[in-house]
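Both complexes below contain chain A, partnered by chain B and then by chain C.
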Partner chain A sequence: MKRNFQFLNTLDQEPEEQQIVGIQLNNGLQVVMLKNQRTPIVAVDLWYKVGSKDEQPGKSGFAHLFEHMMFEGSQNVGKAEHMKLINDVGGMVNGSTTQDRTNYWEIVPANQLELALWLEADRMQSLHVTRENFDNQRATVKEERRLRIDNQPYMRVLYELKDEIAYSNFAYKHSVIGSMEDLDRATLQDVRDFHDLYYRPNNAVLTLVGDFQMCHAAELIQKYFSPIPAGQSIPPVNLTEPPGKQEIRFNYEDQFAPFPAISVAFKIPERTHPDYYALEILEKILFDGESSRFYSRLVEEDQVALHVFGGQDGKFGPGLFFIFAQLHPQKHFSDLENTILQEFEKIGQDAISKQELVKAQNKIRHDFISQQESVRSLADLLCFYTTLSGNPEQLYREMSRFEKVTVDDLQRVARKYFSATNRSIIEIYPRKES
Partner chain B sequence: MKILTSLSIFFLIILLIMPLFSQRETPPEGSQPKDFVLPAVKNFSLDNGFQASLVNYGELPKAVVRIMISAGNINESKENVWLADITMDLLKEGTSSLNAGEIARKAAGMGGTVNTAVGLDQSWIGGEVLSEFTPDLISLLAEILLSPGFPEKEFERLKKDYLRNLNIQKSRPQSLAQEKFLGVLYGDHPYGRIFPSESMISGYTLPQVKNFYEINFGALRAHIYVVGKFNAEKVEKSIRTSFASWKTGEETYVNIPQPQSKRKIYLVKRPDAPQSTIYLGLPVIDPTQEDYFPMLVTNTLLGGYFSSRITSNIREDKGYTYSPRSSITNHFRDAYWVQTADVSTDVTGAAIKEIFYEIDRLQNEAPTQDELEGVQNYMAGVFVLRNSSRTGIVGQLVFMNLHGLNNYLNNYVKNIYEVTPEDVQEMAQKYLKDDEMTIVIVGDQEKVRGQVERFAEIMK
Partner chain C sequence: MNNVLKKKSRKMKPPIDASLLEFKFPELMESRLSSGLNLLIIERPELPKVYLRFGMNVGQKSDPDKRAGLSQLVANTIKKGTRSKSYSEIVQTIEQVGGELDTLVNEDFFVIHAEFLKDYVKTGLELMSDVIQHPSFPEPEMEKERYKQVADLENEKSSPDFLSQRRIEKAIFIPHPYGTYKTQQSLQEIQHADLVHFHEQFFGPQNSFLVMAGDITAGEAEGLAGKFFGKWSPDNVAVREFPNPVPLSKQRIQLVHRPGSEQSHILIGNILFPRNHPDFVKMSLLNKILGGGGSGRLFMNLREEKGYTYGAYSSLLARKESGAFIANAEVRTEVTLPAIEAFHEEFDRIKQEVVPADELKNAKRFLRGIFPLQNETAAAIASLALRQRLYELGDDYWNRYQQKIEAVTAKDIQKTAQKYLPEQGYVIVIVGDAEKLEKSLQALGEVEIYDLNDQKVN
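What follows is the complex of A and B.
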């Protein structure tokens, strides 16, 4: 029977190593801890349940720009000092933004846990930002956009167009990095409002994994985080996507691409949907390694593609299952597209061998263990499951769900989602020499 | 012969007491740091010269197996660029009894994959599997290395894949900058040519690949590393059984370059590029030299981490770039230092000016003890993090063995903390000479030329 995870108010005695323990402060902050003493380090990971999906039209890129601002100073910490204080004790620090959440993490020597907690609490409590710092970070983010997207082959499609074409709803239709025009439009007042609304303890999950005493950590967390007042409840974002009615097509000329390429994306349901597990196994069968179906067929046998990759895109809400392939110079675009569509059709109709399923399950088990290797990725997994379902122990139950998937499930799921009306196709062509 | 090595380091953190404004809270101080103990390494070798290092590490039921081969791009001639890469990749495509699909499926059945990588001095083949399959992975890798099938059909496909790869690389500004920079520094030496021509790849024949394999692959040039949870007895037995029959082969080929650098600018055309990709650097000392640790600290302080001077200046202060970084790249008995940055086209000149400003500032004035201590703490801490994963441990052991550094791991932290502010200033003066910096800029030439001609002669 499914057991709900209990968040405690306080810790009376020190729990065992490898036991996941949760406490919830009066202001709503959820804290998840896991002791692992193999190396004298601690990972601190703080997730705010806000991402680009929460942005309004005209404000694309703001959640990510805001993440940069979190390193620009708070009540007791100067500009860029957060990084310096952590680096100066031999730690590492970073942040990242996705469509669904924003995270901040530190890995510190075990004896510096308090510093990391103090720093995170200080910037949750209050930001101290200036016009100058804001303009500076806006410029840096624009450089980030140029570096990652505008000055690279294929990245405009992979980072942005794929979603712009496939989605109807603005929440996932626009990119995390945002447009240059919208970045220009952001104001200092937006920064303050964003912090007031989303960067509240009741909208955050804090995890600690590594070498520390939980009772002591719980005291420190109470000391630094409990004075921070809770915020108002967060307005829910509508993520619903209407079912596809017909295939969508788009042609794109890529300034730096050396070869034509294709991107095909199918709409799939949200991460908590039961079909997620079968889709993940289909991803392994279709895309993982050189023994995968797409690599074998497109690159080795038919030689219509030079390169191929794909899979689920990992969103919390309605997602995409996509393939990206570069056309072989001696083949026609239609050869590549037809072969791709045939393979998607085939997996829903012809039998999938038991051996193929077991191989995919072994690979998932391997990847799943790998993800739990480092204290930081383990902390991230605990944040992920707590944010997704409120239950960090889902981590321990996840593997059994993959093991229950049958060959019939795979075919049913493939037929359900890999259909013509549910897909969008982008044809990418290199820019013609002028 | 069996040698048991136990490495133990006292992990030293200097407690941080940072004066802040008086009205502010000060950050909490850390408690007493803990010792960091590196796991024991068990070394042995076979009669044919094949070497092995086993490290039992971690709790998760997995192990990394990596076989390093002392061969790579250094063994290629001017007409044979990437032949090492193609040879290594072709090994995975079939043995005398397994085809590519069977190899991939076998590895996948163990929960892993077989991977290869080719470097300038060394290459490797290996994988990561669930613990119980470690001996099986070792025997699979041995079959791949000792009985290659060199299948013709896969060879032709690989060549096409390499043509694609070449085109993709050449469409990225960072690869173009690196190609030019290394070409200027190393000229005709193999380190100076990172890309072949398309016709070179198309023209490669199977006999060329077989010949490259025959000359460069053998037990004397091989070293297996196994790190993780595994049954040591079974693993050792698997190594001995699998590799005993391998021919001894040739000794490692040594070709130490004599890199050159002068203060010149090289512009690489990328019309309409929204950014300029800058590479600015010169040859420096390799890890066997006495100044290696002071130089490592100098690099970190100047541009090697987020709180470094150049990053603080051109990113945090000016907003010219997102990801500036300086680094030292080591080869066998050779190294170079480079500062890289992707900056907006219109601030290309301004960014270069600031980079030189920071180099000059360090040459003219030693850093404060406080600034240096922050850098030292960071380096000591990252060293521990780097050593807390299976692949990290493999990487450290490989680095030590390539450069012949016996006490590197034992003394790393101590050596970092022994560097003084005056050492850092001296290193900047001695090795980061302004008038020897090669400057490469990939971008929109028309918009960049006028901004940068004041820094040096622009080469044709």
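What follows is the complex of A and C.
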């Protein structure tokens, strides 16, 4: 029988180490804590349930641009001072934006927990934005776009085109970093509205993992976060994606690519779908390590590719299962494409050995242990499961779901999703010298 | 500098705890096998996993003349077959139990690292020892790896990071082999016998370190190490001497032409002392203040004030024989020149003005405070322990590290800056579109232009 995770109102006594404890404030903020005293440090991780999926057409890139603004000052904190204050006590700090969520985190020496909480509460309560800072950060984000995408080989496909081609719904069709034109269009009023709507305690999850006393932490959290008023409820975003009706193809000329490459993406369901577990195991069988099917066939045996990687793309909503491979210079593009499509077909048709399944499960178990080595990685996982299902303890239940997957499940799932009508293919060619 | 901050009256002061937490570097158990292999054991039983790290004092700098890329080829081929096992048997055995085993080689060292869940550590160490002691370097596997490396030269050419790094290292380090880069030709020169010879010449128990960290007791670790490495014969490994790099006497401006480039990648650097030099800690503090992370002076100037870039930093290249100080930013093409000026402003300032007491205090707190954060996992501790031995940093280095930071004064920082950031000693490397950049860069002096193959074209 599955026990539902209970968020408490207050904490009366200090729980034991290893126990995940949740508190919910009156304003809706969910707090999840896990004590781990291996090293005198603590990780603070704050997830806002807003990402590029929440953006409107014409305003792409806004969630990420806003993440930058969160470092530009709030009522009691000056421009760029957040980062400085954390660094000055020997801590690390950063933020990131995906399609589904935006996160902010600090790792600090154990005695500086209060500082991290105070800083996060201050900018949740009151962002301080000026025209000057906004223009400055917009310029910074444009350089980030050039650095990561426009000035690099293959990145336009991997970060943007893959989704643009595969999706029909705007929510996931457009990229997190957004277009230069849309960034130019963003206004200071957009920044204020965005904060008012999404950066509210009822739309956030805060986790603490590390060396601290939970009762003390709970008091600090009450002190700093409970005065922040709840916001209105967040308008739901429609993420539904119609199933593919026919194969989609696209050719792309890449100005920096040294060799042709291919991207193939199949539509898969949302993260909470039961097929997730079989798809994850298929990912391991196909892509993980040098004995994986794609690496050993494409790179070692047939030598049709120089590099290959792929797997599930990690979205909360309808996702993609993709492969990216760079063509071996002495082979034809069709050799590479045919081999890839054959392998996807084969895994649904021919028997998968029990040994291959066990290998994938062993790797998942190994990675599950590895993820628990750092407090920051643990904090992120707790935020993830709380956001996904409201239950941070799902972290400890996942392994048993992977252990229940059978060879038959794998084949059923492979046949269901790895079909011709469900895929989009991008052929990438180097730009011809003019 | 900061209008927003000045105008506003601060209502609340940040709640900072003034005390500094003491952090003791985890205890290491050290022993030596009869073969001469040095064993380091770190017991961290919290999670059922063990890290294995085998480090040797040989690296890319030992590649023979005209055969640059040999050590990399050895690293990539070493697990592709042993006297008794094929590549697929090796990889299958490791991956069937969810483990990992990889090799890496840098300029100075050769490292084979592996991680296994506790139950499989014996399997893992047995394989690791086989790969290290009895590699067979199958010829077809070597050819495959050679081909991949040749092709990867093309991939690297498309990366502005690689282009800028290669150019600056060549400019700074030649005639030392730190400035040697593999080419298609040097890779083609390599014979199968070279791999075998490299292994015979440089692999041996003496001067090598095996670190075992995680859920394993010292007794278990010694038993396993003795079983799998105890019979390794203690041959004397070869030692090579290298020419010293020559410090630059005048500024050089080098432009790598990357047609169509959307940005300029700027690197500014010069040569520095070896990693075990006593000034390393002072230089680390200087680097933190100047260009370490999102609160360094370079970041504040080039990103937060001017909006030229996504990030501007500086870093110390740690090398066994001679390191480097390198500052970097990727900026939009039209501000390349003012960005270079901004770097110089900050270099000058740290030489001319004594660092304010607060800024130094904060830099110290950062370096001291970050130390436990960086030593959270068994893998990180294993890596630091190995680094101490390979770089010959001295006994007890990590335990004295925090005191060393505390002892540095503001005057020391200024002197260090004056000594190691000489006015004329920089190389400025820009990777970008020469058609848009060459004219404006001439304001700085003579501009040397290189193509994507690093051939000088003017």
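The working rule: the second predicted complex is superposed on the first by the 434 of 434 C-alpha atoms of A that agree within 3 Å, B and C clash if a C-alpha of one lies under 4 Å from a C-alpha of the other, contacts with A are read in each partner's own complex, and residues count from 1 in each chain.
As a working rule, contacts are C-beta pairs under 8 Å (C-beta built on N, C-alpha and C of every residue); 3 or more make two chains touch, one makes a residue touch a chain.
Quick caveat, the model's predicted, so the values are computed rather than measured.
Here chain A is shared; do chain B and chain C fit on it together or clash?
Clash: chain B and chain C overlap once superposed on chain A.
Go through the superposed model and pick first if A:130 touches only chain B, second if only chain C, both, or neither.
second
Could you tell me if A:118 is touching chain B, chain C, both of them or neither one (first, second, both, neither)?
In the superposed model, A:118 contacts both chain B and chain C.
Give one of first, second, both or neither to describe whether A:73 is in contact with chain B, with chain C, with both, or with none.
Second partner only, chain C.
Touch test for A:259: chain B only (first), chain C only (second), both, or neither?
both
Please indicate which partner A:399 is in contact with in the superposed arrangement: first for chain B, second for chain C, both, or neither.
Touch partners of A:399: none, neither chain B nor chain C.
Taking the stated contact definition, name every residue in chain A that is touched by chain B in one complex and by chain C in the other, in rising order.
38-41, 75-80, 83-85, 87-93, 107-112, 114-115, 118-119, 122, 135-137, 139-144, 146-147, 150-153, 255-259, 288-291, 296, 300, 303, 306, 326, 328, 359, 362-363, 365-366, 369-370, 372-374
Over in the complex, which chain B residues touch chain A? Could you list them?
These residues of chain B touch chain A: 11, 13, 16, 18, 20, 24-28, 30-36, 58-62, 92, 100-101, 104-105, 108-113, 128-130, 154, 157, 160-161, 163-164, 167-168, 170-173, 272-275, 277, 305-307, 312, 315-323, 342-344, 373-374, 377-382, 384-385, 388-390.
Can you tell me which positions in chain A touch chain C when the two form their complex?
Those residues of chain A that touch chain C are 38-41, 71, 73, 75-81, 83-85, 87-93, 107-112, 114-115, 118-119, 122, 128, 130, 132-133, 135-137, 139-144, 146-147, 150-153, 255-259, 288-292, 296, 300, 303, 306, 326, 328-329, 355, 358-359, 362-367, 369-370, 372-375.
Under the touch definition given earlier, write down the residues of chain C that touch chain A in their complex.
Per the stated touch rule, the residues are 2-5, 8, 10-12, 14-17, 19-21, 23, 44, 46-49, 88, 91-92, 94-100, 115-117, 144, 148, 151-152, 154-155, 157-160, 260-263, 293-295, 300, 303-305, 307-310, 330-332, 362, 365-373, 375-379.
Within their complex, state which residues of chain A touch chain B.
Against chain B, the touching part of chain A is residues 38-41, 75-80, 83-85, 87-93, 107-112, 114-115, 118-119, 122, 135-144, 146-147, 150-153, 211, 255-259, 288-291, 296, 299-300, 303, 306-307, 326, 328, 359, 362-363, 365-366, 369-370, 372-374.
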